[in-house]
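Listed below are the structures to be examined.
What follows is a pair of complexes built around subunit A, which joins subunit B in one and subunit C in the other.
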Partner chain A sequence: MLNKFDIQIREAREHAVIETSGYLNDALGEQLAEKAQELIQGGYTQLVINLEQTTLINSIGISILIEIIEALTEREGTLNFCGLSATQERTFRMMAIAKYAGIFPDEESAIANL
Partner chain B sequence: MKDPRKPILEGNLQTQNTAEQTMERLIFSLSELEHLGQTLISGHSNFNHSSKTYLRITLGTLQVTRGAILRYHPTRQNLEVVASAPDEVFFPLTVEPDEVANLLQHPFIERTAIPESLEQFFARSAKLVETIDIHLWVPLKIQDEFLGMIGLGKFLGRETLEAWEMELLTTLAHQISIAIAYSQMVEGIQSEKFRLFMLAESAPQICQLLQPEAAAEQVVHQAVSLLDANAGALMLTRPELQQLEMHYTFPETLLEDSEEHNGLVIPYGEEAPAPPEVTSADVLKSVVNEGIPGHCPSKSDTLFGGKDLMAVPIPGRDGDVLGILIVGDKEERGGSITPFTDEDVILLDSFAKQAGVAIENAHLHQEALEARQLQAEMEEARKIQVNLIPDTLPDIPGYEIAGHYEPRGPVGGDYYDCIALPTGRWGLAIADVSGKGMQAALLMATLRAGLISELTRGGATAAENREQSNLDSAALYAELTEMALILNSLLYASGTEEKYATFFYSHLNPETDILTTLNAGHNPPLLVKSDGTSKWLGEEVGGIPLGMFPNDMVSNIAEYEAEHVQLTSGDVVVYYTDGVTETVNVEDEYYEEERLVEASKACKDSDAEAIRKYLYDSVMGFQGEADQFDDLTLLILRKQ
Partner chain C sequence: MSDKEKKVLLTIPMYPDMELAAAKTASVLAELKGFDEGEVEEIQLAIIETCINAFEHSQSDENEVHIQFLLEDDQLQFKITDRGVGITSDTLDGTRLLGNPGLHPDLPKRGRGLQIIRSLMDEVDIETSPDGTTVSVIKRKKETTP
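== the complex of A and B ==
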């Protein structure tokens, strides 16, 4: 799974879900940022990023996630993460991502808490 | 009549209007500067994200409609257009180091007065200059650190900026420079914070992994993530072969383009050639040989896809090098590849030490599991083997018989039996299956089942009937030979090349006292005659062990042959396995056949059980305090 990367978008009326798979590095991160930007510009301010299929993230991936949070915060939007491994969750808390975005075990609860 | 004061009034009015406008713009500028300051301290770490706000404030304050902010990336040596009005996409502009030095010399560069030393740079920037219609450049810097540039288009309603506007621009440029520096600092802190956390987090995580494959995978993944690399690999040493073997690559396709993609093996222990012939494989060798990190620049060769490689040794507890950890192509934001730094080497080296503990833990755990599994298997095998050895031996009219089986060390494959045939004859068998453990026990069980099946189904029994009626010993020979081939075929089909059994079979007719024997590679039993002479049975006609070769090859190498001996009163036949003759004493001497002959002759007049005990005591007395690892089996047949 880590050897290929992909992004799936699921748009609903009030929110959109971005699901990534693969190594969240610069390549996947830039795609993610671009998709998130498109959704934000399209009017979505409630986003969920599902990282269940992304078990590996580097510092560039983290910085891109922070940028998405910043972009949404500017529009008073909300971002929730789901599908994080225990290490990822600890990383997100340590990097203060959890301060500005919600962390939920699954997509359903992440959407419900937008 | 014209009012003579009008020009003066108009002039005053114009001056007043201009002053008011200037005042208004100054108030607006101050308010925008405050806004800019707020943006700076808003907590938004990413300059690229805030750059549009900075550009908007700059253009609005200076009443310019077009402009751009460019951010300098020292590792890439280029300027990235992070914000532009109109908003368009531009390729990054390459900046040579001497051009950076020249740009730092000028607070402003006007389009009409470009210094000669920067002409080439601005020529490369032609598309941006034309699109934005840039008239004035402002290099962004803090002290001597070049951070980027602001490019401004035409000034609205005027050719140049007034002095106070230039001062304002200087202030704005300074603020934007601070924003870039702040962004770089935050990005750096975030990155280092992430790395330190990952380093601290990864140690307990990988040390918990008890499967060597899972540990290898995690070690590579963590290293790749830690170093912002886009590839990684783990190679482990095989000290006995002096070679490095690939255990895991990320991505899986890392070696796809190299010839070694099916399993990379690099011999080490040899001296690496001198540059420029050094390949990436040579670098990896030297990492193991010298135990220090190594670097292989990108495009050195096609191994690892020509990536920029950094490799560090993975130390074991005893100081040996367990293997090497490799990362490839350090990424930078924007997709470019940047060289690994000295700090990266230190970081990966620290991580490799943790990885060494994790890998050793996983291997030790695996060994413990295998040992436990082997022990359980041995226990099962022992049960099987013990069940195959008869608890008691039958009474043969006119004969005494005694057996002894003593497992010593790991489960072996010794077997003996005395089988009553339907016609009152007896089959005595002794065998030694190669190898140890479950496979040996199962092979022995197969041999026993095949033997009993053959003896009771027909084969030798049918021949025996003929022998009974016709006294046709030749037919019995043929049937025994055929039985040996059937058993050979059975064992060959059920085992591997290394699994075989030495086997000696004796067909005893107690009415005629004829012992017909067949040897398949077993130690020849000893016949001690009542007169004290002795001979080895089956020595001359010994075939090869059962199950070693297919039947057609057996026929070409050494066919199984039977022979018969006439037993008389007081004759003793000593069957044994090599655990007897190969018993070693503390002086590393073997018991050997001569001692067996001597001991057998010394006790030949005793009954079979006493002979068994005498021979066993003789062997054990010889062994003394020495260790013994092979089973000891004796089967004594004595004609009363």
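== the complex of A and C ==
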């Protein structure tokens, strides 16, 4: 397999952190969406997605992140991203994702700003 | 590097994740030409999006994408060719794929690949016909202050 990817979940009382690693494409994106839906169904409306170990994000991966933003918007929740590369952050801002989700340099600040 | 060495050819099948083979090759060539880490990532993302567009829209019987990398001192160019059916103007501008606007009309979920490529690269040119499509992309190195 060319693309080795992984998802780690860290649940706290008020929020949960999803950390992805590898290439965020349709395959990893679908797994990420599934995990996010499980957390949302379980009552979490404050999520952080840590992309520090995520090497590349393609447009299909971005579309799945937008679906998670929408799912949280419906529940008046909040999504913050952290660990983005400069190129990823520029792409997120260009695609208006930054309008609906926070972007922070590290997990600590992303959690603090939920 | 001799003139002969300035061109690198790669053919990849239209299988899931094969765009990573193109991205890896682009990464090696860009690093060789002295692009910085951020520029290399931009080139990788642009070639991934160009390959995915070909995979999704070309309807090529050949099921392959042909990539030509051209290396010059201050720039890296790649040309991605598929021998598919060509692409329509509404696919080119992304409107065919927009679909349901969802909760946030300014946050469409599909049809953003070309927008990403154009935002990251210096030149993007698309030649399309019923015999196939070639997307030519140029990334120039940032000028460094002495």
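As a convention for this text, the second predicted complex is superposed on the first by the 111 of 114 C-alpha atoms of A that agree within 3 Å, B and C clash if a C-alpha of one lies under 4 Å from a C-alpha of the other, contacts with A are read in each partner's own complex, and residues count from 1 in each chain.
Criterion: contacts are C-beta pairs under 8 Å (C-beta built on N, C-alpha and C of every residue); 3 or more make two chains touch, one makes a residue touch a chain.
All values reported here derive from a predicted model rather than from experimental measurement.
With the C-alpha superposition on subunit A as described, subunit C and subunit B clash in the combined arrangement.
Of the two partner chains, neither subunit B nor subunit C is touched by A:8.
In the superposition on chain A, A:109 makes contact with neither subunit B nor subunit C.
With both structures placed on the common chain, the touch criterion links A:63 to subunit B and to subunit C.
With both complexes placed on chain A, subunit A has more residues touched by C than by the other of subunit B and subunit C. Of the two partner chains placed by superposition, subunit B and subunit C are both touched by A:94.
Once chain A of one complex is fitted onto chain A of the other, the partner contacts of A:37 are absent, as it touches neither subunit B nor subunit C. The superposed model built on chain A shows that, among 93-101, 111-119, 129-137 or 219-227, the segment of subunit B colliding with subunit C is 219-227.
Overlap of the subunit B and subunit C contact sets on subunit A: residues 2-3, 23, 25-27, 56-60, 62-63, 66-67, 70, 87, 90-91, 94-95. Within the complex, the subunit B residues that touch subunit A are 44-46, 48-49, 187, 190-191, 193-195, 197-198, 201, 205, 221, 224-226, 228-230, 250-253, 331-335. Subunit C contributes residues 16-21, 23, 38, 41-42, 44-45, 48-49, 52, 102-104, 106-107, 109-110, 112-113, 115-116, 119-120 to its touches with subunit A in the complex. For subunit A in complex with subunit B, the residues that touch the partner chain are 2-3, 23, 25-27, 30, 55-60, 62-63, 66-67, 70-71, 87, 90-91, 94-95. Subunit A contributes residues 1-3, 23, 25-27, 56-60, 62-63, 66-67, 69-70, 73-74, 85-87, 90-91, 94-97, 99-100 to its touches with subunit C in the complex.
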